[in-house]
Structures are given as structure tokens and as C-alpha cells.
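Take a look at these structures.
In the two complexes below, chain A is the common chain; its partner is chain B in one and chain C in the other.
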Partner chain A sequence: MENSVGKSINFIKTSEKAQHQATYHHKIGHKHGEGSAIDYYAYASKIRHWNPGFKVAFSFTTLLLCIGLNNPFVSIAVILGMAFLTVVKGGLPLSAYLSVLLIPLTFILLGTIAIGVDFSRQPLGQFNLYLGLGYIFTSVDKLQEMAVLMLKVFGAISAMIMMTLSTPSAEIIGVLRKAHVPKLVIELMNLIYRYIFILLDVFNNMRNSADSRQGYCDFKTSCTTFGSVASNLLVVSLKKSNAYYTAMEARGYDGDLVFLEEEKPFQISHLFIAAGFLFFLLLLWYVTK
Partner chain B sequence: MNTSLNIREKRFIAVAAAIALVFGFTPVASAMHIMEGYLPVGFSVAWGVICIPFLIAGYMAIKKNLKENPKTITLLAMAGAYVFVLSSLKIPSVTGSCSHMTGTGLGAILFGPAPMSILGVIVLLFQAILLAHGGLTTLGANTFSMAIAGPFMTYGIFILCKKIKINRHVGVFLAAAIGDLFTYCITAFQLALAYPSESGGVAASVVKFLAVFAPTQVPLAIIEGILTVVIIIGLETYAQPELNDLGYLTGGVK
Partner chain C sequence: MKEPILKVNNLHYSYGTGNPALKGVSINIYQGEKIAVIGSNGSGKSTFFLNANGVLTADHGEISYQGTVINKKNLKELRKNIGIVFQDADNQIIASTVMAEVGFGPMNLKLPREEVIRRVDEALTYMNILDFKDRPPHYLSGGEKKRVTIADIIAMKSEVIIFDEPTAALDPLNAQMLEEVLVKLGAEGKTMLISTHDVDFAYRWAERAIVFNQGKIIADGTPLEIFQNREVLKQANLKRPAMLDVYEMLVEKKMVKNTNDYPTSPAELKILLEK
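Presenting the complex of A and B:
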């Protein structure tokens, strides 16, 4: 797919592709920026050479503290700290960081609205909206709770994506292996991770060829095409799974899958900085409690 | 593939598409993963613990399968990757917003509900890592709603429809759509338990969450049902041998 003109066939550039999809695909298909984007950023990150175990442990502890302490100041500190790590240390463009951070936005908006407003036959709150059958109401306290919750959720998400934007999946699986997750699950994860990209590739080819034959011209045709492509994808993936098993056996597979893992030394200085940050969070919580 | 559909099937798709059009405004909606940070620590742990017996059952089922037939490992991995890819694809929608299938319903029909629990938890983990959908602390709750409750419901309805001899495709539609709706109800319930309403407790809160997510989730469930049927029709037309192959994963129930 390399094209020197680099304009019409460029599968990496998201915006052009999205625009093309908006015009011709009837909004169907994989937005190519999304699935592989996080994986791509993880490999491109400047803090990729940090010890993966450290990154996973640090991000998870921060996540737990952010949720457990449930304090808006801690949340803000986590949001800023993680943004610093990912954007400044990791060298990820700010716009890319924000677009990843905003993926769960719809859920957050809908979910927080459901928590923030309440309904009843009587006007119980400070702000009431009469809707024929009863009242939808809310109060300053509720709105405050909503704001705190949103901060907490964004803190938690930024702690998680700090890890995912700097640690390739294979390394995360390696950490899980060291944490004694059953071998079978680890093997499945490793295989699934590899197959995902193979299938996405196959899907892209099928989608393009269907698209060039007007397969997505209207909603009904889109549905039929989607179903056909998806069922074809399953057939192809089953055939491939047979071929891969044969390939594995040909290379001496006898029930153990061993994957190469890069050794990444652990830096003591990171531990001190991380401990300092976590201690700072606890202190912040204690002071503003 | 168009030519392979006979007139009745075409008519079915047309009618189904019309229904989807009537219901069909779907704002941005992924398959309702509870996002990271939404559940308090206690609830996260509790839902994780509830999942454990199902995961162990799934693990045992897979292990037994592998012992009998080592070739299953690549097949299972492909199944997992397939469910992931399916759930990451944007499905056709009328207003042009982005929505996704759950995929686990189809997975349960094809591969059986027990292996789906293990595959589901792996897929959910990858969705959190690669797509930023869902999260690590909410993994337990999401696993329960999407990889356990939904698939078991789907599979149950699929078998039930088979028993009472409803048309196979109608059965598939019902199984996938109701499984999806069930997932959505469970998620609403999980959120409501964590955030009960002050005036009416958990019950009122369930109603609130159901109401807020209904405009996105109900049309989505119907579209998911339709697409699952279209996929199954495609498979029956082109992949009879492969479907028979899958039979040994589910213990003979195709």
C-alpha cells in the first residue's frame, strides 16, 4: 500500500480516511485511527524503554488511589501528572492524547447525567423540571457530586492510558505472565493479540473491495455487506487458524508457546519518583480531606 | 454475496432494516462498557469475585477441549480475535454516528457460552488496552455483563428457540437482540447498585440508567440482532464444513 503520491491511498492518515468514510461508506467500517492507534503510540512512546512491570504497577496503584481516595484534588493531580508523563516524557502529541482521552466521553456524559438528576412525583430538589408525570430534579450538591465524579473518572482513565500509551500489549502480557496468570490464558492472549491485526488487515481488504463495488451505497446494502463481510471473515479466520496450527507444528510446537521478551532494566530513580508522587497524592488527600 | 440470498431472506432483511430505520437514531454508542473509574473499589472487587466461578468453569472447559484436541488452541485464539474485531467495527447506522456490536452474542451461538467467558475477559482486556473502551478496575463488572450474562442469555434463548422449533433465523435474531438487551439491563443494574437514587433507592436508579441509555442501546440491540442473522445466513451458505468443525467446540450444538 505504499504510494509515492501519498494522497489517495494512505491508510494511516485518519482524517482523510474518515472524510472518505463519511462521504462514501455510509459510516461503516473500521476507523483506522482507533484500533491500531493506541498500539502505534505505545511502540512510538519515548518511555517505552522503562521497565513494563514498573509502569503497570505504577499506573494501577495510581488508578486505585484515584478511585479509592475519591478526592477532587487528588483527581486533578493524577490528571496533570499522567498527562505530563504521557505527553512530555512520552512525547505523544497533545492532540493525539486528548483524542484518546475523549473516547469514553459519551458514556461519561450519559452516565453522569443519570447520576446527577433524579425523578419523583414531588419537587424534592433545588432545581425542578415538571414533565407532566412528575419532576426531574437536581441540586447544587448533586451537581457538585457529578463534577467530582467526572474528575475522578478522567483521572482514572488518564492513569490507565498512561500505561497503554507507553507499554505495548506484548509487554503487558509479559507482566501478567510474571504475575502468574495461568499459562493457557497467556498463550491465548499472545495469539489473540497477533490474530487481531491479521484479521483487521483481511477485513480492510474485504471492505475496500466491497466498497469499490458500491457495497455501501445505502443503509440496507450496508447491512447486507456488513453481514457478508463479517461471515466471510469468520470463514477466512477459521481457515487461517488451521494453517497457523500446521505452521506451529512444523516449527516444533508441542504444547508450549514461548515468546521472546525484551529485558528492560528497572531504574531505581523511577521507583523513588513514583513513590514520591504516590506519597504526594496521599498527602494531598490528607490535607484537603 | 447478494445473489446467494433468496427472496424471502431479502424480504426479511428489508423488513428488519425498515424496523431499524424507524428506531434508528443511534448516537455514539459503544457496547456499553462501564468506563474506568466509574465503580467504587468495593464494587469493582465484588463483581470480579462473582465472575471467578464462571471463569474457572470456562477455563476447565477450554482445558478439557485442548487435551482432547490440541488443535483447538489456534481456533480458540482466532475466535477471540474475531470477536474483538467484530466488536471494534463500526456497524451501519442511519444517522452516521459510530456504534459497535457486542459480538459476544454471535460468539456464544458459534462457540458456546463456557469458552466465551475466558475469551470474553481477554477481549475486554484488549478493548481496554487497545481501544480505551472499558477499564481495568471495571473489568470484573464488564466481564459479568458482557462475557457471562449476555452470552449465557443468548445461548439459552437460542437453544430454547431450537427446542420449540421457531424458525432458525428468527431464533438467532431473538437470541442476539435479547442477549444484547440483557447485557444493557445488567450494566444499568450494576451502575444503579453503585449509585442508588436518593429518593427511590436502587430501583429508581435502575429506571434512570435504563432510560438514559435506552435511546442508544435499544436500536443497537435490534441492529445487532439483524446483523447476527445476516452473518449466520452467510455462514450457512458458504461455510457448512466450518460450521460443522465448530460443532466440537460446543459439544455438537451447531
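Presenting the complex of A and C:
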């Protein structure tokens, strides 16, 4: 990872470090699965210090408005607004933002195409294409409907992505805790989140060591190796959970899992800007409906 | 004679699999002692530590902390006062930010929030990792994680600190930093037990050494006594510290006078040679 030696000796200035981390995260991010890259981005975000409760509430309200108002102009405003927050305010490189968006975008395209086009034996609609067995056809209305739907879903997703790319999971869990989600669920989420990374690590190590011993040389061997790695992973995770519990007990755990959470002060100015944005969306809807 | 801070009497423990891991361990530990726990792999060091902290309950035998015998009711007191830094940092770190991790112990002690925050900052500063505060632990290197786990225990302000092979994952610079931390903790009067396979470190740092072999303590004394006892070294498969060999060779070749003033580090040897 980073050069621990240099850091232990002298503290690098925070601003320099943030920059360093941003570039560094970006480089590493693509090597991991996209899941952990998102985790990196959230951590490196410049708006991470904003009150997490505010971010969660704001993105949910935006999402609801975007879906509820069902208006292409509102959707576009949401898409632009969220991109602005994530890229300009949050300091996420545009290419990284696009690569995160690309995943849902593929699904949206595939999903909405099914709505926009239809099949028929007869040539129907304003545009059709003969395919031997029948016609694919569509019309301007249908295409428009498809575009509106696409924008709406895209806007809703970018509101969610704004939240996940600026708020580390631990903080989102903290917000849920404050929203009185049952304690058991919160504790599970906390442990699972930490556990995912441990197991990923263990899995990577096992896979690499199997690979280095020619465990993936042909298809048959790969299958056996995968089987043993997977079953080993189960044993390891059971053992680890035991060791984990031991370590928690050693530090006085007695059935209540409570973590120290950082209080991030709520900025009144954010509230005004957010309210302004939401009001603008409503106004836009009113003007264009 | 002083009352021992931790008194272990005839401790027996076996894991579920049946093989006994501890077979009658007795030891008195006094306030402020710096103890190296040595012994080959599987000799029962980690098991002993977990028993001493009260996480594992002995099949037989008793533990007293500052004169009070530990039972189910005051177990918490024992855990509060004896902290363990685990061998594998990944088995210890449970929170998803460094701050929450270091605050976990103090939160369990039910301290007020301000006090927890103060202790977290203090412990992070102590280990020189204040700038990792908001980081998720899974983006730290092995050595950095180790430092977080040490900060975990420092934040609990335990009287007795047990380190289970702390130097194993560290590069030379971080190992040296750890030694500095140990010296600092020693100066604060903490009682420390460290298990290690690094005989040079044990020889240099400890005031007292305990040798485990197959679930028993086979020797207990100053590191010098232990490392001069060839019988014990052979039984426990231990090497002699390099400085001890070098010194004895120098004495044998009459290059230094035999003053029984054994140097434990190259720096000390240099002073001796310049005399």
C-alpha cells in the first residue's frame, strides 16, 4: 500500500495527502472489483466531511422527486446536479465517475429498449424493420416515452450514486442506526462490511497461491482448485469468526456492539442550498408540465 | 515481598480437540515487569495469554489479579486491566474506521463520549497514526494495522499489556518504532508480557524471561540466566542471542575483560570495547 515508513516519520500535509490519495485511489481502483473501488471513492471524496444524515436525506428526497415528478427536465436537472456534486464538489475524476455510471447505464439501456420497440407480423408503427420472421417497430411517441423513462431512472440512480460515492458505508450504517433501524440489523451490517474485505483478502491470497502452484493450468484443474478454495474459504471464515469473537471479548465486548462515530457538524448553509435545489426542481416541473 | 499484580496458579487448559495446550502453568507477575515469553511454535504461549485475559476459561487452576481471585463475576475487571495485542491484526480489527476501532475498547468500558474521543486521539498520537483516523482498516498495510491494534490497547489504559508476537509483521524501521513505544510504556510503569521468537530482542528488552515448552513453563529467570542455560535452550529449541555469543567469544580471546557486565546491543558493546 502506501509508504508507511515515510508516513510514520513525518506527517505529510493533509491537503497534499488528499491529493495523493485521490490519484492513488484512482489508479488502484480499477484493479479491484468495482465494488471496492466505490468504497475507495467514498473514502477519498472531498464532501465526505458533510453531515452523512444530510447527504442520505438529500439524495433520497431528490430520488423521490425525480421519480414522483416524472418530468424529463427535472431528471436532467437532477443528473447534472448530482454529477456536479460528485465530480466538482467531491473531486472525483470525471472518468471514474463515468466508469461507475456505466454499469447501471447498460442495464437501463437494455431495460428501456424493451419498452421502446416491439415485434409484430405486420408492418406497424412509424418506423419498422423487417427481420425475416416479422417486424420490429417503434414510433416517435414510444421513443419519447423511452427517453423520458431512461432519464428518470438515470436521475434516480445518480442521486443514489452521489450518496454512495461521498459517504463511506460505516457512516451510512450510522445514519440508519439513528433512524432506528433494529440494532441487530445494524450490528450485522457493521460486521459484514468489515468481513467482506477480510474474506476477499483471504480468497485472493488462496487463489494466488493456488495459481502460483499451477492450480489453474487447465479447465479441469481449475474446477477442482476452485472447489477446494471455496470449501477452504468456508472453514477459514468459521475459524476467523471464532478468532474475531475472542478478540472482541478480550476488549470487554459484552453483547452490545457500539462503535465510536464521528460527529460531523450539520451546516445550515447546506440545508439552504439543498432546499433551493429541491425547490428549483419543483419549479421546473411546474413550468414545464 | 510485594504482592504480585497477576498470580497464576496451576493452570490447565485444553482446546475442544482434547490435546492439552497448558499443563499446569504457575507464575507470579509483579507490577512494572518486562517479561519476554519465549518457546517454540505451539508451545502454548497464545493459549496462556488468552487464559490470563479471561477469554478462555481454564479447566483447572486459578488466576488472581491484585490479590482478588478471578471468577465469573469479576471477569470484566480482568479484561479491563489486561489488554492483549493479538498475533494476527486482522483477527483483532473489527470496526470499519480506525477511529471506531480504537474507540471500541473504551466504548465497552462505558466511558463518556468525550473521554473516549480523548483516549482515541491520545492513543493514535502515541502510535503516530493520527492521520489514519478516518481510514477504513482494510486499506492499511500489515504494519500499519499492527500499530492500530496496539493503539486499541493503549486506549484502554490497561495496567498489564500482552503483546503476542508483535514484531512478526513489521519491517525493521517499524520494529524499532515498536521498541521505542515499549520503552515509553515501560517508563509509565506498565507491566508487559511479550511473546517473541526473536531471541535478540528478548535478550535486549526483557528483564525477565519465561520459557514455554509443550504447555509448561520450563524456565523462568533473567534473560541472561536463561540464555546461558544450554539445557533449557536445547529443550525449547532456542538459539542464543548473537550479542551473548559475541561477548563470550571476546572474553575467551581476552579482547575484553570479563566484568559480567553483559552488553545486550551493539551500542553497549562499543562502550565496553572503548573502555
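By definition in this document, the second predicted complex is superposed on the first by the 229 of 289 C-alpha atoms of A that agree within 3 Å, B and C clash if a C-alpha of one lies under 4 Å from a C-alpha of the other, contacts with A are read in each partner's own complex, and residues count from 1 in each chain.
Following the convention adopted for this analysis, contacts are C-beta pairs under 8 Å (C-beta built on N, C-alpha and C of every residue); 3 or more make two chains touch, one makes a residue touch a chain.
Because the structure is a prediction, the values reported are computed rather than measured.
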**Asked** Which one hits more chain A residues, chain B or chain C?
**Response** B
**Asked** So, does A:201 touch the first partner chain B, the second partner chain C, both, or neither?
**Response** second
**Request:** Considering only the touch criterion stated at the top, classify A:260 as touching first (chain B), second (chain C), both, or neither.
**Result:** second
**Asked** Is A:240 contacted by the first partner chain B, the second partner chain C, both or neither?
**Response** both
**Request:** Look at A:170 in the shared chain and tell me whether it touches chain B only, chain C only, both, or neither; answer first, second, both or neither.
**Result:** second
**Request:** Pick one for A:223: touches chain B only (first), chain C only (second), both, or neither.
**Result:** first
**Message:** Touch test for A:40: chain B only (first), chain C only (second), both, or neither?
**Reply:** second
**Message:** I'd like to know which partner A:191 touches here: chain B for first, chain C for second, both or neither.
**Reply:** both
**Request:** Considering only the touch criterion stated at the top, classify A:251 as touching first (chain B), second (chain C), both, or neither.
**Result:** second
**Asked** Once the shared chain is lined up, is A:232 touching chain B (first), chain C (second), both, or neither of them?
**Response** first
**Fill in**
Both partners, chain B and chain C, contact chain A at residues 39, 169, 191, 193, 198, 240, 244, 248
**Request:** State the interface residues of chain A toward chain B in the complex, per the touch definition above.
**Result:** 22, 26-31, 34-36, 38-39, 60, 63-64, 66-68, 70, 100, 103-104, 106-108, 110-111, 113-115, 117-120, 124, 149, 152-157, 160-161, 164, 169, 172, 182, 184-185, 187-189, 191-193, 195-196, 198-200, 203, 216, 219-220, 222-228, 230-235, 237-242, 244-245, 248, 255
**Asked** For chain B, which residues count as touching chain A in their complex?
**Response** 1-2, 5, 13-14, 16-17, 20-21, 27-30, 32-41, 44, 59, 62-63, 66, 70-71, 73-78, 80-82, 84-86, 88-94, 96-98, 110, 118-119, 122-123, 125-126, 128-133, 135-137, 191, 195, 197-200, 204-205, 208-209, 211-213, 216, 223, 226-227, 229-235, 238-239, 242, 245-246
**Complete:** Per the touch rule above, chain C residues touching chain A in the complex are 50, 53, 55-56, 76, 79-80, 83-84, 86, 88, 90-97, 99-100, 102-109, 113, 116-117, 120, 128-131, 134-141, 143-144, 152-153, 156, 171, 173-174, 177
**Prompt:** Which positions of chain A touch chain C when the two form their complex?
**Reply:** 1-2, 4-5, 7-8, 11-12, 14, 17, 39-40, 43, 48, 168-170, 190-191, 193-194, 197-198, 201, 240, 243-244, 246-254, 256, 258-262
